[in-house]
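Structure incoming, see below.
Labels for the chains are A, B, C, D and E, by order of writing; each one numbers its residues from 1.
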Amino acid sequence: MSALLEIQDLQTFYGPSQVLFNLSLQIREGQVATLMGRNGMGKTTTVRSILGLTPARSGRICFAGAQIEALPPEQIAALGIAVVPEGRQIFPNLSVKENLIAFAANRNKSPNPWTLPRIYELFPRLQERQHNLGHQLSGGEQQMLAVGRALMTNPRLLILDEATEGLAPLLREEIWRVLQLLKESGQTILVIDKYVERLIALADQHTILERGRVVWQGNSEALKAQPELWKRYLSV
Amino acid sequence: QRTVKIGFVSTLSGGGAALGIDARDGFNLAVRLLNNQLGGVPVEVIVADDQQNPDVARQAVDRMLKRERVDFMTGIIFSNILLAVGDAIFEEKVHYISLNAGPSEYAGERCNPYFFNVAWQNDNLHEAMGQYVNTRRFENVFILAPNYPAGRDALTGFKRFYKGKIAAEVYNRLNQLDFSAEIAQIRAARPKAVYTFQPGAMGVNFIKQYAEAGLLREIPLFLPGFSADADVIRAVGRPMVGIYNSSHWALELNNPVNQRFVEEFRKAYNRTPTLYASQGYDAALMLDAAIRAVGGDVSKKDDLRKAFLAGFNSTRGPLKFNPNGYPIQNYYLRQVIQAPNGEIINRLAGNIFTNHSDAYVSQCKLR
Amino acid sequence: MPPSLFLEQILNGVQFGLMLFLLAAGLTLVFGIMDMINLAHGSLYMIGAYLTATFVGLTGVFWLGVLLAVVGTALIGMLLEFSILRQLYKRDHLSQVLATFALILIINEVVRIIWGSQPLLLSAPEGLSGPIEILPGLNYSAFRLTIIAVGLVVAVGLFLLVNNTRVGMWLRAGASNREMAQAMGVPIKPLFTLLFGVGAALCAIAGAFLGPILAVQVGMGESILILAFVVIVIGGIGSIKGALVGALLVGIVDTAGRAFLPLLLSQVASPEVASNLGPALASILIYLLMAVVLFFKPQGLFPART
Amino acid sequence: MRYGPILLLLGLLLAFPPIASATGLEFYTGLLTKLMIFALAAGSLNLILGYGGMVSFGHAAYFGVGAYTAAILAREGVSSAWVIWPVALALSGLLAFLIGAVCLRTRGVYFIMITLAFAQMIYFLVVSFKQYGGEDGLRARRPDFGLFELSDTTLYYLTLAVLAAVLYGLYRLVNSRFGRVLQAIRENESRTAAIGYPVYRFQLVAFVIAGVLAGLAGVLMAHYTEYASPNLLAWQQSGHLMMMVILGGVGQFWGGVLGAATLLLVEEILQDLTLYWQLGVGLILLLVVLFAPRGLAGLLRRRAG
Amino acid sequence: MSLLVIEHLTKQFGGLLAVNDCNLSVEVGEIHALIGPNGAGKTTLINQISGAQRPTKGRIRFDGHEITHLPQHQRVRLGLARTFQITNLFRSYTVLENLELAVQARSGSSFRFWSPVKREKALREEAEQIAEMLGLTPRNHTPAAQLSHGEQRQLEVGLALACKPKLLLLDEPMAGMGPEESGQMVELIDRLSQSVTILLVEHDMDAVFRLARRISVLVYGQVIASGPPEAIRANPEVHKAYLGDDPGGQHP
């Protein structure tokens, strides 16, 4: 199977300070991949570079065969990448429902796409609050909304940057369950999260970052077998 | 022989700019036609914009007096600006020839030997219209003006000569855009005539809205000349036709000075001159005559004053002055008509006052 | 006071309000939705009026002139956005204030250079120039009735655009979090250019319909701009409904103040005092209205969606 | 702060009037007086707008009230500056207190507009007093200082002294505890409240200080033009002051001074050169916004630093 | 002894009762965890205790004072400090500047207009200590906006700590922190509890069960259960409404 996303030698800067060093990464169609590492190691920056929000200074990013590192974010998104960003970033001045339907699309041509009723079924709480403005939601409700918003675009690649932050245990479990289902339906996913065990159970392939460099890459078996890695790079 | 310097401070930007620009163009035209000389002496005209703001005007006048050391000053359109800077000019013993602003303050007790006005005293045109409406025996006149000193003076001037019944005396807001409330009041009051003074663009707004309310055909509207001059006509168009207004000057005044002025102005600027332009032109002619009379020695202030008082030959014919520096002149009735060539212009329709003086001259101690 | 006069004054207020609304609509769109303080809004209004006057003069047909002017002003607006204003979205409101103030100065002078300082002729179309009888005994200007109609149509259209279309949601999303909107696939740049064009077109409509009633001259935008700001602030920034209600309130309060305050005062005070105080109070009234509204509702009447 | 350039500038300003009168340039003494008065007014606005994040669109009210108090007292026969000054400052401070107390309930653009509303009310109130000139304004004879006569030259020195003292005071203030809190409020109001600062009180105090200083500038303005005009109170004046601050650099210490001096000088020079001077001013302002995001003071600082 | 007592507290947003006749008390010295599903009203409760929002009904007493209607800054003065669930920092200020500002708030009057605040060494020293305690010392001079998300969360807690409160209201302090930082935060909170009473809102059940002496469960704005951790863990209601099959995080 060919790679849906392929990153080669990515170097990204914030102003003068370099954050990513020669980062390379591949995600194949239908795969679930993770990015791990401590706080501040460059996980979010990687995501931002993929999305074109903080364009890489050098390196290549290919998505579905197209070179995207120089494209503006909206074109990258239109190719079928959706993100559940760190810190939720839902639109405070749109109602819950508007947040969901404004960007609805079927970018991966799914026969059974995510629709408003399906999202409401997944997060009944959102339906209850559907006419409230985004900024009136509780933190967890905002998080659900951010997940729903990304799903509504039916992306080819779904990126979740700490999507379980601030969710109650029940809901967190719900998210893991959904991700499992998505995976089974063939959705390609890139996850960042702090629940390593869950990630091992879910994902096929892992990348550990340390100060902007890839220090380890491998599959779940390998990671499970090397708890010292966890300790060293993730302090778990 | 040294050049004579003239400071021309006027409103050249902002809402009132059209007035100042007309006056300046008239003044410059005269200077040019006199070969850049006044009274046979080469002149330099230094122009500054007061932005219709007293503080800016103060600054500009300071510059004229202290840096440029001008011999004469002129140009100010608005009375409140003039009042803010007048004393500073007079203190420097520089003659100020007003080409528009004619505040009553300088006409009565506070009159000043260094002040002359080539146009009018502020009340004059309103007095003339009051007189005319009075002689036509309109009963029950509705009068309206903005709530500021010149507006109040205007209605006072009107009432000085109009002796009939006043339907209502209403003061609107300065810089008001919409007159529908006042117009409804007028309609309800059923007056026989309306007199209003609305400076600048307010006049345009009022007349347009008055016409569009359909009242122009029912209740005749009387205006002071500056609210019905070429600039206003250009902006309002056909509805203006038929309106009576008062003026000390008219396009077709039959004298050689005026005929030359109108012709040359049209040629130079490609538009019909307004009364402001005529006043600017006259201010230059007045300086020309006085400087000639003192033989070009502008340091003889007393002689200059005598020369100014003696008068000169203006676009309105020979013009004389009262001791307070204000002119003694005729006031005419004009009517807006559509000329056979389609152009809408003011036509001379009669004489209201002959050799009329302002109401304050007796309070002035100057001789 | 006869009831018909009372009615007429209220109608005048409504009409004046809708006149303000035409201008406020574009302002609240650009300001409330793109979060861009555009003082040059008044300048676009002026350009709209000048273009209308020019095109009506050239073609001799009012409606054709208006159409050309609307298109022309929209193009000018988009050009402005494309060349200058788009660099200001990221910047704070104060930079926007300074830049668009600079634009006011520049546009005023350019208009003066092109058209001269004297006011321009723009009259209502022949068919609408007279009054018509709307109620027995109550005549009202046909053109002002047209303004009322245009104002209402614009209000409804905008309300639908902003609240019920996807583009409207994208615009609001883009204004609150540009980066995230882009990440969701919204082409922000062309969208904002387009929106600015729509704002400019609304200015032109305002200019075209107010021109025949007010003077078409340099500086016409500034004085009315303040009123438009008052309107949208009372209503709640970004809310079309708020702008409409705010405009009607300002229009009615202002007109009623001018029409009835002196009368009321003359009942209670001496004519001297009444004639002094009346106009002063009437001038203050809308500002008082705004202060009172903001005192009790610091976000305006319809705290919109930001 | 580096004192070298400042002392140099101060020296030049001190030496200016005698040199000017010796070379026949007295006019520029007046111009400089006006620049300094506006620098004072813009500096006071910069305190609340730049450091406090309170964008007041009604600052001309205090400026104008200062000037009108001076003029009205003079008209009523009070000639001592020792009476006029305190009364004018107290009145503008009181006004700022009352207006600030109401306006500070609102935020953002609503604050901008409500300050404008109050300033407009003051404006219309003042012009409705016919006995004080109405729209025509009021002449204001220069007061008696007792110690010296207020000529153009002494007024220059007086203004210079006041400006220097106020600027030094402001410099201390913005670097004091109070100044730091004020800036913190601008940066993040809800957090400032959450760590225990009475936000409203800090803002109000700053608002009143700025009002008093603007009133002071107004008094000097009345002395300078010997006239109090309604234009001093008009919204255009508030806008002008705001432009000065933004041009100079919002929240940059020298922003107000630099902006006032630059804008007035540019206007002065361009008016000499062309009738379409506003076009020039507009272009310059536009260039500054586009290429000097932090205003002229920011530009200078970047050069120097 | 109860440090904080909440009686019949109600907060209504339009038709929604975000907090509904809620009763709760926090004892001196305890770490009291408040858990509950998303949207249960936890943050709203914190907002009302800290004074950021006005209650619709009900009373709040703190340390013997009735504080229901006190402005926020007076509550801080009495010893109440909070963190924000959604990070809320002085973004362009450095870590130390952020902390100094908070230290200054409770050390003497800030209506001082003349002497330069930079010269107040004591403020800086205390700020440095707090940064040290948080493990943020290497970032002392980094503007808050340039910190990573997790670091910002730490500073968030630091700002509340700098207020030296008697009662610390922590709204999801661990959210967004990695396992390592979470671990450090747990230790920090544990250490703090020697001197400060803590009301902790957190969805990280590991942390909650490690730290809490008492747990209250908020559902639809009402406390449905309150008690020691074991009791809560055993409570079937709580399982249904909140915990699910997660009896205490990923490491039993």
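One rule holds for everything that comes next: a contact is a pair of C-beta atoms (placed from the backbone, for glycine too) under 8 Å apart; a residue touches a chain by one contact, two chains touch by 3 or more.
Being a predicted model, the structure only gives us computed values, none of them experimental.
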{"item": "Shortest walk length in steps over touching chains, chain C through to chain E", "value": "2"}
{"item": "Separation of mean Cα positions, chain C and chain A [Å, integer]", "value": "45"}
{"item": "CA centroid of chain A to CA centroid of chain B, Å", "value": "75"}
{"item": "Where chain A and chain D are represented by their mean Cα positions, the distance between them in whole Å", "value": "52"}
{"item": "Residues of chain D engaged with two or more neighbouring chains", "value": "127-128, 130, 278"}
{"item": "Chain B residues counted as touching two or more neighbouring chains", "value": "13, 147"}
{"item": "Two or more partner chains touched - positions in chain E", "value": "none"}
{"item": "Full enumeration of touching chain pairs", "value": "A-C, A-E, B-C, B-D, C-D, D-E"}
{"item": "Chain B partner contacts - residues on chain C that touch it in the complex", "value": "1-2, 5, 8-9, 12-13, 15-16, 19, 108, 112, 117-121, 123-124, 129-131, 139, 141, 143-144, 212-220, 223-224, 227, 255-256, 258-259, 262, 275, 278-280, 282-283"}
{"item": "Interfacial residue positions of chain D with respect to chain E in the complex", "value": "172-173, 175-181, 184, 187-188, 190-199, 202, 205"}
{"item": "In the complex with chain C, residue positions of chain D that touch it", "value": "49, 55, 102, 105-107, 109-110, 113-114, 116-118, 120-121, 124-125, 127-128, 130, 235, 239, 242-243, 246-247, 250, 276, 278-279, 281-286, 288-290, 293"}
{"item": "Contact set on chain C toward chain D in their complex", "value": "31, 37, 84, 87-88, 91-95, 97-99, 101-106, 108-110, 112-113, 226, 229-230, 233, 237, 276-277, 279-280, 283-284, 287-288, 290-291, 294-295, 298-300"}
{"item": "Residue ranges of chain C touching chain A (in the complex, touch as defined)", "value": "166, 169-170, 172-173, 175-177, 179-188, 238, 304-306"}
